[in-house]
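Listed after this line are the structures, all set down as structure tokens.
Each of the next two complexes has chain A plus one more chain, namely chain B in the first and chain C in the second.
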Partner chain A sequence: MAAKAVRRLLSEYRELINNETDGIYAGPVSEDNFMLWECLIAGPPDTPFEGGMFSATLTFPDDYPLSPPTLKFTCDILHPNVYPDGTVCISILHPPGDDPNMYESASERWSPIQSVEKVLLSVMSMLAEPNDESGANVDASKMFREDRQQYENIVRRYARRTVGL
Partner chain B sequence: MDIDIPDPTDWLQTPIPGLQALESSLRCQVCKELFTAPKVTSCGHTFCSLCIRRYLSTSSKCPTCMKPDEEPRLRDNILVSELVGSFNTIRKQLLDTLRAKEKEKEEEEEARRRRKAEEEEEEEKERVTSIQPRAEKRRPYDDDDDDDIMEDAEPIYRKGKRPRQDTTIAPRYPQETGPPTRRSTRTSSQRTNSRILSSQTVVILDSDDEFLPEEDEISDNDDFRSNNNHNNNNNNNNNGSRAKRKAISRGVPETPTKNSDMVACPICTRLKDKSKVEAHVNRCLEGKRSPSPTPIKATNGPGTPLKRQPVSFANIPKPQQRAPYTDEEKKELRLPKGNASLTKEADIRKKLREFGIKYDAKGKESKQVLWARLQEWTNMWNANLDSATPKSKETLRRELEAYERHQSTQKPSVVQDKGFERDAWSKGHRSEFEALVAAARKSAAARKKENGVVEAGPKDQQLLDSMAGVQAELNGIDSPEVVEA
Partner chain C sequence: MAEEASSSSAAQEKADMKTAQELADLEKLSAQWEPESKGPLVGELQSSKILEAEYAGADPVYVRKTAALSPKYSNYRTIKGDGNCGWRALAFGFFELLLRTGDPKVIEKQREYLKSQNALLDQVGMSDYLYEDFVEETINLLKVIGESPAIDNPYDDKFLVEAFNKDDTSNAIITHLKLLTSAFMHINPDSYLPFLVEHPTIDDYRSAQIEPYGVQIDHLGVKALIDAIFIPAGLSVEISYLDRSDSDEVNIHKFEDESGTVKNTEDQAQKTLRMLYRPGHYDLIYKNGDLAPQNLPARLVAPGSGDVRVSMILSQEYTQNPFSSPMSTSHILGIPGISNEICGQFPYPARSYGNHDGTLSIMQESSAQADIEIGPPLLTKTFKNSHYNTIHFQNDHFQPEMWEPDQMAIEKPRISKRTVWKKFRF
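Our next item is the complex of A and B:
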């Protein structure tokens, strides 16, 4: 574990506990490995995701914060910008160097001044406003565009499942 | 992992939570620490020297606003450096003072609440008794009043005192261990006594002899009696500020801890908070019995930025500090970044040798690795020039090694298609790889025959080896016969 990354993560963790943001809960899985976090993201209100509690893991690279963490949902989720395996595809998690979709502006990409809190907030707004132009999950994108009703039904079912209903 | 990392959110629990914003702006947004050798970019954003140098060597943009920038355009931010220095000098003291104040306020509030509850109870009782037809009504009024207070005063002491010791006083002095010592009980009871008395008005004072001895030891009583009416308030204040001073000088955290959370240190047998006992034992083992009671050394003036407090992983003896580099020295010693594609591998090696940095002499490290090492050294070296407390070359070398160790677990980034399946590919093309290796082996053997054994170029062997390596890697199996051939 890189000492520098761990120090920064500790400090971010303290800030998260002392200064709670609604709908976001995150913390290291264990004290032995500070580079792996677990987090819960509440489904944003007035969307089909409302009421759900989506669990995800955050994995930090050794050169964090130079490189971004990766975020992967560990629950079932249907979303145009989430790969079928749960990995989130969102501009804030892409380093400025590589642009898989060739159109993101540099300002919304990862930079060391971003933080766990900002990443999770972006994911929350991503849930509210999917970007169907850069579909990570092509089927979901297609459904989102062509059969919104079915998309919302599935999303609602998954959201209920996350809280054990 | 109980390392106390100072954090801007520390201020949220003090009477001035606004200090959080102040401290946040004195911290680097990249490493979240107080600025070390702050540098300002051409777009006006400030970062630690090392943080911004590292970032700029991966991408030439400002991390905050993404405007293009490059290293030579960085400038010292002298004002911020001074601000951080003076803030760091007072931080602990300020935090402790504010926390003590907050604590005092809470205690007072608690006492007031308790008093109010008791007064209400008293009134209630009085009302009940006054409703009952009483013969005592005939007695003169003030006599009666005095008695009433006397009767009620006693339970107040009991109620007011006992819980106090358990919840607040004991954790405040965790060092005073073993059986809750006489000394601490006495002072605390004395304090509570006088505080309660001062608020209960002076009426009781004339008749204190009657009940005090049952409450406390005689000596207490003596102390107590010396507190005259007019002295009372004064004394109260003294006690308060003494307690505050104590709390500050010991650096005891003000958060109340239960007694069950205290663990005796195996060396000095002092009771310690569970979370802190490990650090304390380390200190004890090193022979530093008592943690330094003076929290801050005011040796550095406000102008000189302090060295950041090291993490308490271990107390590494610091090598002798040298004075900050002068501008001329900086200019002379500053290392240029260079260009990876224009620098030959041999030159990189030469430079590494000059700086005394280890590298694999057999050439097993790729140019990329060597270049990354030289870059990191350049970053560290240049950042060290900016530092107010420069480190020695040896320390820098050690830090470079540590840095590389941490990075080495990372896989080198390989450019690959997203859907590319390595295993399937190597399995599917296995026969082709084998054919290629066989052909290479054949041609190598033919050339050997042609030129005689002596001239069998090492290059061919190298080629064969590397091809075999590729095949082995792709197939996921070791093929020793190929390597031997």
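Our next item is the complex of A and C:
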């Protein structure tokens, strides 16, 4: 099974290198293990995340692309849809039938025709527009709703930290 | 004392928390639990009597319907209930129908057509580097069945069953068909939009119900897939609904080309995929004629020409066939329903019993065990005189030319249908 996944990931990697998308960088951690990738996601402009470069790992299942990868931030980040351990919870990363946010827009569901690029773009737009109803991080959701100022301050501080400031 | 009490209550609390944690864990596990679906992705051909046996103790509606089913549909093929059964049944059936044409040109034409459909995928914005792996598997399998040795025995499903039981191949082909269906719906929204229930737009429906792997196909998806793949290939699909609705037989719905062109019905019968739908699950079923070799005169395989006659003639050829299975038929003749399997399955020499290792070995084993355990008492009178007895003239598969009066007196192990079938792994 995994051979198929590796082959697909290779062509996705090639595509990412050849057609670079602004603000997202991703690639396998090592040539020996194509099932684990590292990635960087730029904080979207005009949000408190702006200026940050958020690092994360992507872990691919053996039956990729039938099932989606998991994405976990490896830097400090405060966001309603990111669990305290860094794991991102958005519908594109959930296997079919296990969608926590049924009301999310259709284009964000996982299917074998989705890709690393789409996942990273979805994460980027998640940073810009948190969904405070799904609440992977309850405290962050609450702060986002009730004390936006404090939320933004913390987010900015973490964003600066990602680039060593 | 008080300290002790508080520490013990703390310990108690801790224990409670642990239990709560355990409960939460268990709850999580139970939420994630899925019944393990057994068996191959695509099963071998079996006698449809199995269905009758399976429902023997069920609701009378099912008993009635399955009993009415097996004389008409001789064979049955299971598809694994892993959430993809409808897609897999249709995908397998598509290849099987193409192979059965026995015509390399037809298959080649389909191969070219499906390759050309990449343009459709491009048109709806799918990237070639994301779909090419899936398309490749479909194209490769069409190449395999369009060439020797597969094409030489169009009624031998060996290559297809093998290919469809490889996860990679099977799932890639399903995915390819899903993408084609999805793209087809996107460019023909008007045909499907009126039927959407939960989804506001066709695009929403496509991305939620069609494209993801493991999402059950629904009626609209079946229709779209047939419109996108089967109709252009001149194939049609018939679904028999086995449910508790009030009728004596399964309800049949036929999906075919509605463009109004007149069809040769006999030809059409050969190009119809038959699915059996039970709420939540699809399998494949086959009429006798579906599995008959092409070199038989059409009148013998045409549907409705009389099951008894068809099976008689086929069986006759079976007995004369030099390649016939070495297995002793008398060994299984005593078991109701088994002789039907021979008739249904035999039609092509290469499809001899040996292809069904699983089924066969289980059957032999269980009857052999029965010999030892039960001993060979006489058949009961009730059974002997009923139409279940294959040497009774009212049995569908009674074969006068093979009948010998002595047979009626032969001692046979008394094995009820239930004892035999319950040993099957469904």
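The definition used in the following text is that the second predicted complex is superposed on the first by the 156 of 165 C-alpha atoms of A that agree within 3 Å, B and C clash if a C-alpha of one lies under 4 Å from a C-alpha of the other, contacts with A are read in each partner's own complex, and residues count from 1 in each chain.
Heads up, the rule we're going with is that a contact is a pair of C-beta atoms (placed from the backbone, for glycine too) under 8 Å apart; a residue touches a chain by one contact, two chains touch by 3 or more.
Values in this document were obtained by computation on a predicted structure and should not be read as measured data.
Peer 1: Under the superposition described at the top, does placing chain B and chain C together on chain A give a clash or a fit?
Peer 2: Verdict on chain A: clash between chain B and chain C.
Peer 1: Pick one for A:K4: touches chain B only (first), chain C only (second), both, or neither.
Peer 2: After superposition on chain A, A:K4 lies in contact with both partners, chain B and chain C.
Peer 1: Once chain A of both complexes is superposed, is A:L66 in touch with chain B (first), chain C (second), both, or neither?
Peer 2: Both partners, chain B and chain C.
Peer 1: Applying the touch criterion given at the start, work out whether A:H79 contacts chain B, chain C, both or neither, answering first, second, both or neither.
Peer 2: Neither chain B nor chain C is touched by A:H79.
Peer 1: Quick check for you: in the superposed arrangement, does A:F34 touch first (chain B), second (chain C), both or neither?
Peer 2: Touch status of A:F34: first partner only.
Peer 1: In the three-chain superposition, say which chain, chain B or chain C, touches more residues of chain A.
Peer 2: Counted on chain A, the partner with more touching residues turns out to be B.
Peer 1: Given 5-13, 41-49 or 221-229, which one is the stretch of chain B whose C-alpha atoms run into chain C?
Peer 2: So the stretch of chain B that bumps into chain C is 41-49.
Peer 1: Please report the chain A residues shared by its interface with chain B and its interface with chain C.
Peer 2: In chain A, residues 1, 3-4, 7-8, 11-12, 14-15, 63, 65-66, 95-97, 106-107, 111-113 are touched by chain B and also by chain C.
Peer 1: Spell out the part of chain A that touches chain C in their complex, as residue ranges.
Peer 2: 1, 3-4, 7-8, 11-12, 14-15, 63, 65-67, 95-97, 106-107, 109-113, 115
Peer 1: Which chain C residues qualify as touching chain A in the complex?
Peer 2: For this pair, the touching residues of chain C are 83, 126-127, 129-134, 167-168, 171-172, 175, 178-179, 199, 201, 203-204, 206-208, 211-215.
Peer 1: Which of the residues in chain B come into contact with chain A in the complex?
Peer 2: Checking each residue of chain B against chain A gives 1, 3, 5, 7-9, 12, 29-33, 51, 54-55, 58-59, 61, 63-66, 311, 402-403, 406-407, 409-410, 418.
Peer 1: Sort out for me which residues of chain A touch chain B in the complex.
Peer 2: 1-5, 7-8, 10-12, 14-15, 18-19, 31, 34, 61-63, 65-66, 95-97, 100, 106-107, 111-113
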